[in-house]
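For reference, chains read A, B, C and D in written order, and residue numbers begin at 1 within each chain.
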Amino acid sequence: MPVVSPDIAHRTAGTREEPGDSLGRLAEAYRRIRRTTERLVEPLAVEDCVIQTMEEVSPVKWHLAHTSWFFETFTLRKFAPSYALYHEGYPYLFNSYYVQAGERHCRDRRGYISRPTVAEVMAFRRHVDEHLLQFIEQADPEVAQKAAPVIELGMQHEQQHQELIMTDIKHVLSVNPLRPVYKAFEGEAGDAAPQTWVPFDAGVYEIGHAGGGFAFDIEGPRHRCFLEDFLLADRPVTNAEFMAFMEDGGYRRSEWWLSMGWATVEERGWTEPFYWERRDGAWWTYTLGGMKPVAPNEPVAHISYFEADAYARWAGARLPTEQEWEVAMSACSPSVEDAHFLEDAPMHPRPARPQGTAGANGSPPAGAAALRQLYGDVWEWTRSQYSPYPGYAPGEGALGEYNGKFMCNQFVLRGGSCVTPRTHIRPTYRNFFYPEATWQFTGFRLARDP
Amino acid sequence: MPVVSPDIAHRTAGTREEPGDSLGRLAEAYRRIRRTTERLVEPLAVEDCVIQTMEEVSPVKWHLAHTSWFFETFTLRKFAPSYALYHEGYPYLFNSYYVQAGERHCRDRRGYISRPTVAEVMAFRRHVDEHLLQFIEQADPEVAQKAAPVIELGMQHEQQHQELIMTDIKHVLSVNPLRPVYKAFEGEAGDAAPQTWVPFDAGVYEIGHAGGGFAFDIEGPRHRCFLEDFLLADRPVTNAEFMAFMEDGGYRRSEWWLSMGWATVEERGWTEPFYWERRDGAWWTYTLGGMKPVAPNEPVAHISYFEADAYARWAGARLPTEQEWEVAMSACSPSVEDAHFLEDAPMHPRPARPQGTAGANGSPPAGAAALRQLYGDVWEWTRSQYSPYPGYAPGEGALGEYNGKFMCNQFVLRGGSCVTPRTHIRPTYRNFFYPEATWQFTGFRLARDP
Amino acid sequence: MPVVSPDIAHRTAGTREEPGDSLGRLAEAYRRIRRTTERLVEPLAVEDCVIQTMEEVSPVKWHLAHTSWFFETFTLRKFAPSYALYHEGYPYLFNSYYVQAGERHCRDRRGYISRPTVAEVMAFRRHVDEHLLQFIEQADPEVAQKAAPVIELGMQHEQQHQELIMTDIKHVLSVNPLRPVYKAFEGEAGDAAPQTWVPFDAGVYEIGHAGGGFAFDIEGPRHRCFLEDFLLADRPVTNAEFMAFMEDGGYRRSEWWLSMGWATVEERGWTEPFYWERRDGAWWTYTLGGMKPVAPNEPVAHISYFEADAYARWAGARLPTEQEWEVAMSACSPSVEDAHFLEDAPMHPRPARPQGTAGANGSPPAGAAALRQLYGDVWEWTRSQYSPYPGYAPGEGALGEYNGKFMCNQFVLRGGSCVTPRTHIRPTYRNFFYPEATWQFTGFRLARDP
Amino acid sequence: MPVVSPDIAHRTAGTREEPGDSLGRLAEAYRRIRRTTERLVEPLAVEDCVIQTMEEVSPVKWHLAHTSWFFETFTLRKFAPSYALYHEGYPYLFNSYYVQAGERHCRDRRGYISRPTVAEVMAFRRHVDEHLLQFIEQADPEVAQKAAPVIELGMQHEQQHQELIMTDIKHVLSVNPLRPVYKAFEGEAGDAAPQTWVPFDAGVYEIGHAGGGFAFDIEGPRHRCFLEDFLLADRPVTNAEFMAFMEDGGYRRSEWWLSMGWATVEERGWTEPFYWERRDGAWWTYTLGGMKPVAPNEPVAHISYFEADAYARWAGARLPTEQEWEVAMSACSPSVEDAHFLEDAPMHPRPARPQGTAGANGSPPAGAAALRQLYGDVWEWTRSQYSPYPGYAPGEGALGEYNGKFMCNQFVLRGGSCVTPRTHIRPTYRNFFYPEATWQFTGFRLARDP
């Protein structure tokens, strides 16, 4: 998953407004994002926030502290001269990957740290919030202008951890035989309409971020690429469709799988999607609302690249490249005017919509009737391995070191999921995970050659 | 470590008193032991009670629940017909090794379980306590007489977990870079008097439990053994003595080590005892009172069998057999009249006492002047691999399955440590651990041939 | 590494000649390739041919048998009705990855099989040769026409195993502390001329195999791609240049490495290229001619993708994409008229040539003066992760299953090495390995953006 | 398994004869033992002698070289001043555990070494033989007297490796799906007579080597021990008896197994003894004569301690201690007058003999009628973990370092197997292996309390 970078060249310089106004809006957005994080953890017990149930999962407590460490390290300690380090042990404990920001505690031992307690971490958050808001209000305008993009980075970063909090707590609760519920919800019944293919023509296209809003360094530079003719499915693959693959021996027949995928199936004993469970002849799945019967009309989720790729081969199709995906979606991207924060996210993939009601946030996009369900329910695997765009250069310093470091053995996912903050979704966004990852809300959409 | 067993043949039948009196005392002892456990966890935060920092360590929360599950399963559900299971998910979560008592949750994933919360576990404890005390008070006398030995077993079992709570929480706090303090204490300064050798004669001796109090099945049957002449040290090896071994290349020279011991040294990179740390040219160690300089006059602790054995070879001596140890100690065993529960245990190994003040609990034993420091500070490794005594037969059923299952690749330790409940210490007690174990308060005493 | 496939659509149908002539040439080529394989193993002792020194390495004996199994299985048993299986145990032992061709012996246990002996395997080879040549000579012309492409596939396959025999035996001999010599050779002294950059213009290019000779399925279909402006180095990076990277802390400073690359450096303790060794302050390397001082002017070899990528970042450059490489090389591809079999291959990377003498086989290509050293010394890592070309579809059946299965976590290499058979080198060839692989003769060439 | 040590105090000094005679006999015995080793490998192909099929197994080539290295290092280089090292690379390659004899090649990589070839190793053997025999003949008598015990040690050591050659080559051939035959043999049909119990009385016994022939240091010193009453089976457990255990769920029911034993069963998926295989509803086993039906009347072999111990518990019995075993066997030890070298060993466990024909070598022992089958077919597991006898002190220097190093996590086996050289069998011999070991010819005999 990408993290923020200081490369702010992607912002459109021309849209700047009066400093005072923009700082006021920044403070307001900061308050709202931080509050959102805290509302996410309200349903949890202290005990839920401490443990780490697999290496990829971090304790909720760690997320709460790490996002605050980010603001303290890259904003307060850098731009606010009078700011004193809150606790000298915290930078070591709450740094994640930023090698250049100093030594850090081992990722796979975050669940071994009982102190600081959750209450102490919340006090740390409040401390950072107070000083950061005070800084925005009182700082010299020139300094504030320099710090503003870094604060915006921190907010984007916090939104990424909001999504991780949700996927991690889902795992934490799921491994408990008591299967606790995060928040009850009701599923929507019904069948999905059949998938249809939408055609796109060969040609030279421009892709990548074009300015006019925040973007990560790896989303640019904008550049040209050549695409041959292709067809793209109008919605992601559903649970019902995936069950047909399973019934046809999907997890037992090697011929559809990548060699490494099949080795993973055998080594881990995969016989169904992650979180699925057989009960009395029916498929159930663990959700943030507890155990539920698998809904046929919902997009299949928690699917690895290997499973998506095998399904596509079984179906006589393939996964799209990230270029194909972006070209198709950019043509019909929804307006995000009414998008909100994660507290408004669905928390569970929504069923495939009836024809004509597409949109990441429910609003029907102009001119995108062909594509019925856009994105915002499950991250969509592409067949593109994660590589730099032509002309890409990573940012400088600790903040720039992150994204380029992972351009190896990862596949690109596009779109966004039911636990992605709504303002964090855009068609140029490049998410990436290793091909066996399943603990995110990951699904896929088919493509094929004409 | 042994656990309780239903083999109560070791109790001396002749010492029975009036049922009413004895049940009253049982209830009183039960209350006191359960209260002791809860007092042990008072200094802890909820977060400390949830995590598992290595496979051998269990979360404190698990210990609190498991000991209650033991009383619920083997007393209430067996002898109290009207008792209803408190929670149907708990037996699976809180069973440990008792295969015959049903399926159980994996030991190495106890730290993945956030629910029930600590508060919910404490409610479970109170529920069990109420019903168990009510049962003792109101049960039919015949039924109560049958249940009484099982309740006593449960109390012995709880005492074992009191020791484990202390050793486990020590590990949990120690891995935190912030090095939290469980309870502050002051060390005692000074040097230890030189070790002297106490001679014992060859002959046929009787060892093993002789009746007259509680004992585990593996402590018997009492039987004869032949010992050649031997000499035993009058106190355990101290930190100062162990440092001399280290300075002579103890951890760098393979010639003193067992082959498997040396492999362990190399694989784990051991260069000093567990919990020790070099700071500015001096040795420090993590204790329940936080980081402290290593005290020269204290018994060395957290020592594996491999280290004890290598030290002994370096010192031109050897470890005693468990038979030698028991024969020597039985001759001078302290009275335990004034012994108390774990809240009175020292929580840290005491320095070697000045001549003439030996005793597990501080009281000078009659006729044991030769052995200056008896036991009760560190468990003492013997060179005896853990095997059954002649004529040993394990008890029946779930409670009997435990002890005999571990007679392989473990060494016997004798005595008791600074976190062993005082009433849980006796000269026939056979503790056992695998030879690389270091997270218990384990030390050793030298022996040699004439 | 790709293997042969039955997709022969890439051959230019128009160039067919008289059947009799072409079958005669096929027989002659078959004889020559098989003889080459056997000449490669002549310097070896029986003992050298049996062992497997790491999972990627196969015993030479296995290569000798497997290539014969390939002809027996896919030609003789399929097209020669009277042919009887040579030994019923061999198909199980000598199948490699071909799941559809039946069960197979574990790859990582090939070194556990002492029988059949080397002599028995050579008898199997002779048996297959006799029957195959007889088949070519006597078969019904129609059947022979069907079998011919499969025989050609088998010959391409055998050439791939010729390269593997050389890289595997290099490893086998290298792990022996006696450091045996495969075949003595003399290095060429001198310094390499400085690298220069050759510019290429942005535009839509065609790449992929265009017909007119053998190619693997994954080399096609030919298709269009868009490239932005780029610069390519006129020769691979040399040992002297790589040593400058090492002296600047190349293996000690994480900032130039991919995250997974740095983890590999730390886990495996890499401090120099594979096969290098420090002796008396100088770098030596194991070669097929024994231990030699590292020659400054030779291309650095046995380099993983991680090392190549880190070097490029250190040098302020990057690796080329496979599209850039192919576009550049296709413009100046050498004629291969005088190319020969592996017995004529150099067996060690040749030094960077003086300006104006480029070519895979030494002949200066027309119009390629700018690119001084083409390919044929070391395989060249590209930054392209191994993916299908647009429109790619794998072949049918056992022979088609191979190449598409590995499109995950592998990087493409282009060119060919000093142990690649000369006729096996062409600009569209797509080799691939996982990024930590070093036991092949792998090097790299720099690229950069204008 | 014990190895030779220089502690020759166990030899009875009084039985010395004239130096010339004794040296002549030494030379003759040396020649014969060395020739035996070479006859053992005659049926093998060169390829069989190179590979290592699991860590415990060494290549036959290594055994041939290592035993010669032993004579070169500890006799020729120490006592023959003019002797020059044969090859400077060999000591590193062919040292095994002797840390004090210098650096050594990793045990688990012995199968990675193709050179020296088998022919070169045989030349090394001949070289050592010539110089050693010349040394015995020509050395100064005083020097020869000093060297003689070390030569005898080397011969004992070579006999141990004769047994290992046979068990290792059995494994090497067994893993080959072609299942090659080492040497054909015919089994003996029939059923075994029922087992009977032989009683022994409680009392103080002397055990350990008493002088009068060669013994390892760990067989002494002779000392007293006290045994309670016990009963010992008159023969080892047979295949038929073990099959009854299997049919009763022996490998499926945890209640009879040690905890670590059951973990081993689950981890390795054990469902039958090592080398057994189910074919068409019957049990077959790999033998040095190839695949054979399991013979009901033969002692069960290739049994781990865990399996032996579980069987005993299932049978309501236990394994004997090594003291019980030695006391019982010493009373009826066969004369070894007519015992010979390994070429006369049976190479496969013989069936339980009819009553009255006991004996390690077939000769009925005087006064041992009660014990029908003594030892010499399978090593017999005892319940004794391998520990030093009272008063044991290891020898000095490299040769003394071995045996005491393994007193941890190993169990003692007594007797000798069908591939133990006949002169290498005696009632005080203490063999030892870790409890999961199965690649030796290991079986067991039951004991029980009255």
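Everything below uses one rule, namely that a contact is a pair of C-beta atoms (placed from the backbone, for glycine too) under 8 Å apart; a residue touches a chain by one contact, two chains touch by 3 or more.
Not measured: the values here are computed from a predicted model.
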Chain hops separating chain D from chain A, counting only touching neighbours: 2
Approximate Å spacing (C-alpha centroids) for the pair chain B, chain C: 62
CA centroid of chain B to CA centroid of chain D, Å: 39
Between chain D and chain C, distance of the C-alpha-averaged centres to the nearest whole Å: 49
Where chain B touches two or more other chains, by residue: none
Chain contact graph, described as a line, ring, star, complete graph or other shape: ring
Pairs of chains satisfying the touch condition: A-B, A-C, B-D, C-D
Contact footprint of chain D on chain B as seen in their complex: 97, 99-100, 202, 204, 223-228, 254-255, 257-261, 305-306, 318, 383-385, 387-388, 390-391, 401, 405-409, 435, 449
Sites on chain B touched by chain A in the complex: 45-48, 50-51, 53, 61, 89, 92-93, 105, 109, 111-118, 172-173, 175-178, 180
